[in-house]
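There are two complexes below, and they share subunit A, which is joined by subunit B in the first and by subunit C in the second.
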Partner chain A sequence: MELSQEKLLEMYKKMVTVREFEQSLSEAVASGTLPGFVHLGIGQEAVHVGVAYALRATDWVTSTHRDHGMLIARGADIKRCRAEIFGKADGYCKGKGGSMHLAAFDKNAPGCNGILGPSQTINNGIALALKRRGEGDIAVVLFGDGAAHRGEFHEALNLASCWKLPSLAICVNNQYAISVCFDDACSIDDIAARASGYGMPGLVVDGNDVMAVYEAVTETVKSIREGKGPALLELKTRRYKGHFEGDPQSYKTPEEIAEEMKHDPIPIFAKQLLEQEITTEEDLNAIEEEVQKELQEAIEFTDQSPYPSLEEIYTDLTYEERRAV
Partner chain B sequence: MREITYAEAIREALRQEMKLDDKVFVFGEDVGAFGGCFGVTAGLYDEFGPDRVMDTPISEAAILGTALGAALMGMRPVPEIMFIDFMTVCMDYLTNQAPKTRYMCGGQVQKLPMVVRAPSGGWIRAAGQHSQSLEGWFTQVPGLKVVMPATPHDAKGLLTASLRDNNPILFIEHKVLYNEAGPVPEEEYVIPLGQAEVKKEGTDITLISYSFMLNKALSVAEQLAGQGISAEVVDLRTLNPLDHDTIAQSVQKTHKAVVVQEAVEMGGVAGQVVKSLMDSSFDYLDAPIKTVAAANTVIPFSPPLEDAMLPSEEKIVAAVNEIAG
Partner chain C sequence: MKPVGLIANPASGKDIRRLVAYGSVFDNNEKVNIVRRVILGLDAMGVKDILIMPDYFGIGVRAIEDLKVSSRITFLDMKRDNTQDDSARAAEILNELGVACIITLGGDGTNRVVAKTCAETPLLPISTGTNNVFPSMVEGTLAGMAAGFTAIDSSDRPDFIKQAPRLTIKYGSEIVDMALIDIVVSKPGFIGTRAVWDISTLQEIFLSRAEPGNIGFSSIGGNISEMPSTNGKGIHIIIGPGSYEIKAPIAPGLIRSVPVKAYRLFEPGEEMPLAHTPAMIALDGERERIERKKMQVAVEIDLHGPWVIDIPRALQQAAKQRLFHNPSPSRR
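And now, the complex of A and B:
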């Protein structure tokens, strides 16, 4: 592994942070303290962390309604993320976006989108602006296998390719669009195979192996930064929770779930780190304790944050008019 | 003063703002060297080159998504949707996306300057998918300004204001008006959004309208003068925000009103204007407010049928006569 020990352990910590952060949301939904639709990405942490660590801070990342993890991996403050998800005033979006619309512009992360598809075309606009700036930054969009079947997938990739935009489309294929399995919704094995139809490289990667994700994104991004045009990556993964919290996943067999659990990205990464003698069990345990402490702080921060004032219903709707030229 | 057409006035506003601000760029289907389906962008490609005037594939969702992403990054995109009827295939961007961006991220975005241009309206013998007036839909989206000029002078001033505004704006042009000429100053000027204008003063009745229907209202006002009825004609110019004060002042003076729109009557702007007047001016009214609109049916191709279903001067006169006595 070419990354430093420090970086690798940071990645491990981020994966554990995402997992524990979302696990605590799951518990809050179950206990009735968290309202609304909550879509968790537990099981997909290698995707978020692998992608985030292969990018520059000046790149942009747009993601799906299941991407708390992407923002956290990108460095967003978990206190403000949690406060947002609970609709509190100190949340990233002052509580007006919630779980499905979490956004951290301080991390160049316009964040989650409640509608499947538009983030792919919006990413083109971000990429166009970055191309004009000419600083080698790129725009990355993550979307699910479900959103790969929206017309916007086609419109976005075709235009990105025509205009040679510095954009990377990442399909996070967790095999289920709510209850419909990938094989019932798609007549080919890999979304990445569609890349050839747009004259761009397409690559399938094991989305549960954080180092495989990191390396694939790093390699692909290099060519995009060189101006060779956009690319499509498909990260194959699984979500361990239902589409939304409360979904009993009746569409999966117990055998399938048991098989999924064998490929948990966090133990996989821990094993790699231990086998290559990058760290010790004790260090990993210490990281996990540290995460629990930080999570506890985020929970307290959220509990203490007030709900937004009623005036917030009407604020942030329009922008200041531009002064005359 | 020099006279130019409505299309030329729009082009002049685009050209002048593109010269003043290199962030402004125009793109859409056939807007490049071809100059746009209605010739509005003719010559801009030669003047500003392929980075500022860009043709796109037939991908309306990608056009508006790209505009949103670029606006998010500080550019000032001016996408053209060839017919407003085509907005149905990219509606998400002007309903769920652009107008909600700032609100849903709690004000993290400081501006989202995108001006979507699209022509609407009938009388071009193009039947039900190329002739509609859909502005009413868009006025139901908080966060989206809707502008609909009726004269070359207003088209230039309102477009200049729109291009200097920091909000997402839908700028609706009218196909029949493109070739209508009128006096337009050569220098840049701004007509503030949200201000209606009294286009003709009168004392007996107020005709309230916008876009191409203004021409019909003005023509009817002339006819009424022959009957000894002094009609005041108000042009709304901006539909959202709606100028409640100007219409109230006029109706409180004349005590009667007819509201004319080209769109079908159901759920339209005229109904909203009536509501506004009921709130502001009920005690001043001497008669029920009448509305004139297209019949609640599909716009047929056959010219005599189209003419019969759209609002006509005869229908406006008939509405006036119902309450003028």
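And now, the complex of A and C:
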């Protein structure tokens, strides 16, 4: 698990960027400037960055509507991400995808999907294409603990295993499927245990420790690239915000929320970097200031971007057009 | 009769060695079955009270569902944060409550945590982990019966209970941590997924025992042909090209050729300073500590590890005492 100081600080910066980006969306919803449903992944930054840095640029990642951070961690431009979420013409999908369908095809990220579960079968299609292409790339899908109880999860794992697809299924277990607590809805304690039913390895990883995520994904991906077939990872983490912005989380006790906050992945990583003398408090502060500056630029970019014209409503509906996006 | 304690770690047997090696997945439902058999073994021996650590999966709760036993089963009233600290806390409470012994379900890592706080209370370790040198692969029923015999045996310190050695990490005279089987020193890095499998990062290893029959880093020492009987001494191995290339099963299914530059035995009480800092320290198979640059860190071996029940010997003694004979008609 050797990573240069530069790479480690880049990972830290990405985590802070994702956090601040999402936080700014939360504020925009609260102030009424961002309408519609927005699902934030605040608290899950270690998942996004740990996964992204363990992959190569030619791998593909399909995710959920809580994974804006996954695209940002993959290197998507935060200006275009924010513009898209605000429905602006300069967004990644010309403002027609929004938060729920944010995609960045230049980052091999076909994006977020409002319906949870089918992404896993879509991912199998990508994995099959990559297998046929034979260049050693893999397809990764992120989904939540709720989606792991749907039929598509089982169908997708079964087929991926039968066809030995280069596919990595990552269950981001944040303990809540909308408002239903994992403990009340799951017959076993680890989703990863279901992997054995499909003849593939399954691992549970601390999803709040970015280096644990990075290491587990790196090793899993190595095994998949060697042609050993698909795998299932379960990253245990926490969702700090409600299911959607505006959800008061009345289903959680104040004690539970306080406990969740003790495992914030960003201070955990900062502590690791400081303890190992990889960086200093001053450098981390400088990174945070840099992120604020970049975020401000993204806000201005979004504000200045126009809404898509009415003529755009019937464009980008076909594969060829979509490809050009 | 003293009660018997039980600690089942719901997190054991699940780490990354299922991927980088070929470790078995120890499903918690199987642990439930084992606990059930342990309880039946304890009950058959007439144990009146069984005290169980509560855990997030509810291993104990599920084990006693529909189980008809005479033993009274109580869950410890304790703070729980779903980490290894729960096992340490439970062991401390069980020791304070004066249990006859603590049955553990886990691997070397779980037993290390329990050993830190169980004081003089003997352990009966059942293997449900990955690299298991300390606990035995034993049928839960027999483990329960042996623990039951320990509870009803009136002798103060019977000869089927022996004290294990331990390795300590010291800053000066202060013990800051310990291991039961091995301390592995690697190049500095992150704790990450905790397990150790990359030979290229290893620098030195300290062992409390070295037998060819062991799995894990202990096997490196065990597989050196001229390794003498350690008999309470520790083994220090310096990794690197030089004297030997030792083929060793460092994890289940993971057999690696390990370059050994030198090794030597060290006596109890002898301070063995770490050759390199900063360094990553793995204790009983798990990356646990980062020792900073220029830290004066030393390893020692002593004979103050946990007391451990030898299951076959305990059952032999129980048999000799006719405890498995049903009372004759004249005695009824």
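List of remarks:
Following the convention adopted for this analysis, the second predicted complex is superposed on the first by the 317 of 325 C-alpha atoms of A that agree within 3 Å, B and C clash if a C-alpha of one lies under 4 Å from a C-alpha of the other, contacts with A are read in each partner's own complex, and residues count from 1 in each chain.
One rule holds for everything that comes next: contacts are C-beta pairs under 8 Å (C-beta built on N, C-alpha and C of every residue); 3 or more make two chains touch, one makes a residue touch a chain.
This is a predicted model, so every value here is computed, not measured.
When both complexes are superposed on subunit A, subunit B and subunit C fit side by side without a clash.
Once the two complexes are overlaid on the shared chain, A:275 sits against subunit C while remaining clear of subunit B. More residues of subunit A lie in contact with B than with the other chain of the pair subunit B and subunit C. In the superposed pair of complexes, A:110 makes contact with subunit B only, with no contact to subunit C. Of the two partner chains placed by superposition, only subunit B is touched by A:139; subunit C is not.
When the two complexes are overlaid on their common chain A, residue A:209 makes contact with subunit C while staying clear of subunit B.
By the touch criterion defined above, A:316 reaches subunit B but does not reach subunit C.
By the touch criterion stated above, A:130 is placed in contact with subunit B alone, subunit C being left untouched. Between the C-alpha centres of subunit B and subunit C, as seen from that of subunit A in the superposed arrangement, lies an angle of 120 degrees, given as a multiple of 10. Once the two complexes are laid over each other on the shared chain, residue contacts for A:158 go to subunit B alone; subunit C is not touched. The least CA distance from subunit B to subunit C in the superposed model is 26 Å. Contacts of subunit A with subunit B, set against its contacts with subunit C after fitting on chain A, share not one residue. Those residues of subunit B lying in contact with subunit A across their complex are 17, 20-21, 51, 54, 56-57, 59, 61-62, 64-75, 77, 92-93, 96-97, 102-113, 142-143, 145, 164-167, 188, 190. On subunit A, the positions that touch subunit C within their shared complex are 1-2, 188-190, 192-193, 196, 201-205, 209, 211-212, 214-216, 219-220, 223, 231, 259, 272, 275-277. Across the complex, subunit B is touched by residues 91-97, 101, 103-106, 110-111, 113-115, 117-118, 120-130, 132, 139, 151-152, 155-156, 158-159, 162-163, 315-322, 324-325 of subunit A. By the touch criterion stated above, subunit C contacts subunit A in their complex at residues 10, 14-16, 18-20, 25, 27-29, 56-57, 81, 188-194, 278, 290, 292-293.
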